[in-house]
């Protein structure tokens, strides 16, 4: 995988801007979503870092997969992800997205999120504390600045692989723009 | 307001019980024949057991039977009453009680999802919780989760792991 | 005849107003919902199957994840069903500690729910304050159990470890702060807010007849005037040792339910004060032998307790083995979230749909399981 | 000619910059009410810049045209509203023209909505147009009173009539009317409690639900300009305008922050409740004011 980022002044400016303003899609896919309100609101207040909630996928930059994904949700997540506009970033949130976590032997949850959509960053923990989430956001910002958060490019490039994996779990996935 | 023993007496008198058990304080379970279940529930509903908490199903694979348990509660007697009946596992068909409690419609759909039991009279038996499920229903005892998971999902490979 | 102007709308799963990952597909004409259908199952993890595959004790960390709003309820009801089948009597101090934990959980759930209701009508300041206030209770939980959200504290045979006196004092301080500083703020901001009243009054009305036939419990039932509370009907833990009232309302609308929740917070504060002041000394858990080899005789139990939204029940069957033979979870909002959507939502306005869902306490993970 | 175009561009860009600054400050203030620190005041600039770097998807010609119409409509309105000493057009009738032009932006949004075909957006825009019926009625009554009392329908004329001291402000002359106009201003700006058209928890940000990337950036800029236009209009009409641009901006900021603070402690009205609210007390008050002024 070639992550080498070409030094380009214009691209640098774009990355700098993108890093400082991130709209997070308000989609609670799992129980991790319970730690998002504290992160968003008064006590931890992630808006300090320029991260705010967005109501619809069209407006959002970050897709947070907050915890386990049942296959039924995975389908919606794929639709949502494909509706989002580039550049878009995915954060896997909690152990469940990494290897199934608590639900490693459940028949209805996926075990590994990055098989189905590209993940830029994982936050471990069940569930991650608000501090961990903030730390994750800061790490993501670093990655964006250095141009390493390129999951969406990978998705376009290796689309067929992802599609194959998705269809293995879901059957047919109807795609609409 | 009846006590547990009064209730058992009443039920023995009016219903054709297969068995009755006082499980613990404020907890009674009774067993009815398949055919008498709906009329029995109807009787209980008219005797202040108006709260249907849920319908559970247990797969007794060794006896080749499914057991349906209707959990009722009376706000007057303050007794939680479980009404049970067993049905054949192969036939896996039973009658709906949605005319007694409309909400049972969804409990039955849920049981249909997880056990594959069809309820006659309940017209909507579409998938509720699961989506595109084409294995044997997951809550049956002969459904092996581990095998299914191994087949369907990929495990994450860690460095240094076989 | 004019053409029917029905339009389909997907309210969730990806929608900011929906509580959790849950969908309601409805058709609307003008601004009114004419037919609705729930679309649950996005959070299905197969808990009941997973629990059949794990030993009794290993289920303790699992059950709390069924409902994330109030995880302790699940731990409690699971432990209670284990004890009911095994006919185990837990120490008195453990019962007191359990009640304290459950009441704290109730307060945090109520505050969170009030905040969520305010978010649904656009009163974001109250939502922010609500989450902030809840966080202080989570701090107490963290001190007692080590976890903010999932505590894994109440286990079969008692609780995991003792509460220290310092922490009990902290709980009392927190309650004082809540009662004297924070609740009056909420009172001014939410309950004396004319527009909020306008939005909630006569909205999402659930009458007594419907509530009983659906099997609705908790604040939604009490708001219609019935004084039904599992804590009073079938006392568990240490609830028979304390003196408290069950607040009821009349109208059965969203406003009444919210006021009830506020009153219940004060009742819970009262309960915790009594419990903390009268807590007996002694052990906090029984020694049941090797944790991985817990065994209880064959049997069954349907156990229910009062969560912040109503009756939460577990039906547990044991065949005498190392693992439960069958566990069935009856989530509180199951009747409302499934059948209630179909029957009660039609006639509601589009802008009242989130108010409906939040004020009736729809919590999708507990019916998806 | 070239100088004129340059002037227009300068005005448009500085209005955008000022509007975004206002939005940033309001976010910060509201955050303090909510007991948090809040984003830096320059966050809206970054948001807009970022949105311009994003890919965006169109939903057809009508969608594009609607977005341009919304943005262009608002910019055009700006040229007719005196912002401090900057007056581009001062002819008679600008006041009514401005009210008329402000609707163009909404119509543009409505077109974009049609283009996107999203039911949430159509609900949102129908709410916005319904709400317009609500606040315009008392607002127009107040404006007619104003035109009557100042003997001119040119905004700059009304400003000039209020010069020479605080006591000449319309705030003092027609106090009830000012209050009514302020309430109407809340609806005009879509501030709470009159933000039903964009209610995120009900209809997922309403008309802009399908706007992503550059389209959303245009909508944000349009919003920024509209903040400037509407607060400037209010300052011109009731708070004596201003020859000094700084004093003028401070007055605008006060109006804007007052609106933001009110928004932070109220939930939103249902749309028809909002309309009925406007048709009740504000309308009666406005008519009362008119009667007082005329007789």
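As written, the chains take the letters A, B, C and D, and residue 1 is the first residue of each chain.
Here, a contact is a pair of C-beta atoms (placed from the backbone, for glycine too) under 8 Å apart; a residue touches a chain by one contact, two chains touch by 3 or more.
Quantities reported herein were computed from a predicted structural model and do not represent experimental measurements.
Colleague: Would you mind telling me which chain pair, A-B or A-C, is linked by more contacting C-beta pairs?
Modeller: A-C
Colleague: So which chain ends up in the middle if you average the CA atoms?
Modeller: C
Colleague: Distance-wise, how many Å sit between the C-alpha centres of chain A and chain B, to the nearest whole number?
Modeller: 40
Colleague: Approximately how many whole Å separate the CA-defined centres of chain A and chain C?
Modeller: That gives a centre separation of 29 Å.
Colleague: How big is the gap, in whole Å, between where the Cα atoms of chain B centre and where those of chain D centre?
Modeller: 59
Colleague: As a quick test, compute the distance in whole Å between the mean CA positions of chain C and chain D.
Modeller: 43
Colleague: Could you pull out the residues of chain A that touch at least 2 other chains?
Modeller: 41-43, 55, 57, 72, 105-108
Colleague: Which residue numbers or ranges of chain C touch two or more of the other chains?
Modeller: Those would be 16, 41, 44, 46, 49-50, 53, 128-129, 132, 368.
Colleague: Residues of chain B touching 2+ other chains?
Modeller: 130-131, 138, 143, 145-146 - these are the residues of chain B that touch more than one other chain.
Colleague: Mind listing each pair of touching chains for me?
Modeller: In this structure, the chains touch in these pairs: A-B, A-C, A-D, B-C, C-D.
Colleague: Considering the complex alone, what residue numbers of chain C touch chain A?
Modeller: 13-14, 16, 20-21, 41-46, 49-50, 53, 61-62, 65, 68-69, 112, 115, 127-129, 131-132, 134-135, 138, 148-150, 365, 368
Colleague: Could you please specify the touching residues of chain B with respect to chain A in the complex?
Modeller: That would be residues 130-132, 138, 143, 145-146, 148-149, 152-156 of chain B.
Colleague: Going by the contact rule set out above, which residues of chain A touch chain D in the complex?
Modeller: Checking each residue of chain A against chain D gives 14, 17-18, 20-21, 23, 41-43, 45, 47-48, 50, 52, 55-59, 61, 84-87, 177.
Colleague: Within their complex, state which residues of chain A touch chain B.
Modeller: 71-72, 75, 98-100, 104-108, 110-112, 115, 165, 168-171
Colleague: Which part of chain D faces chain C closely enough to touch in the complex?
Modeller: Touching chain C from chain D are residues 30, 33-36, 119-120, 123, 192-193, 195-196, 199-204, 264-271, 273.
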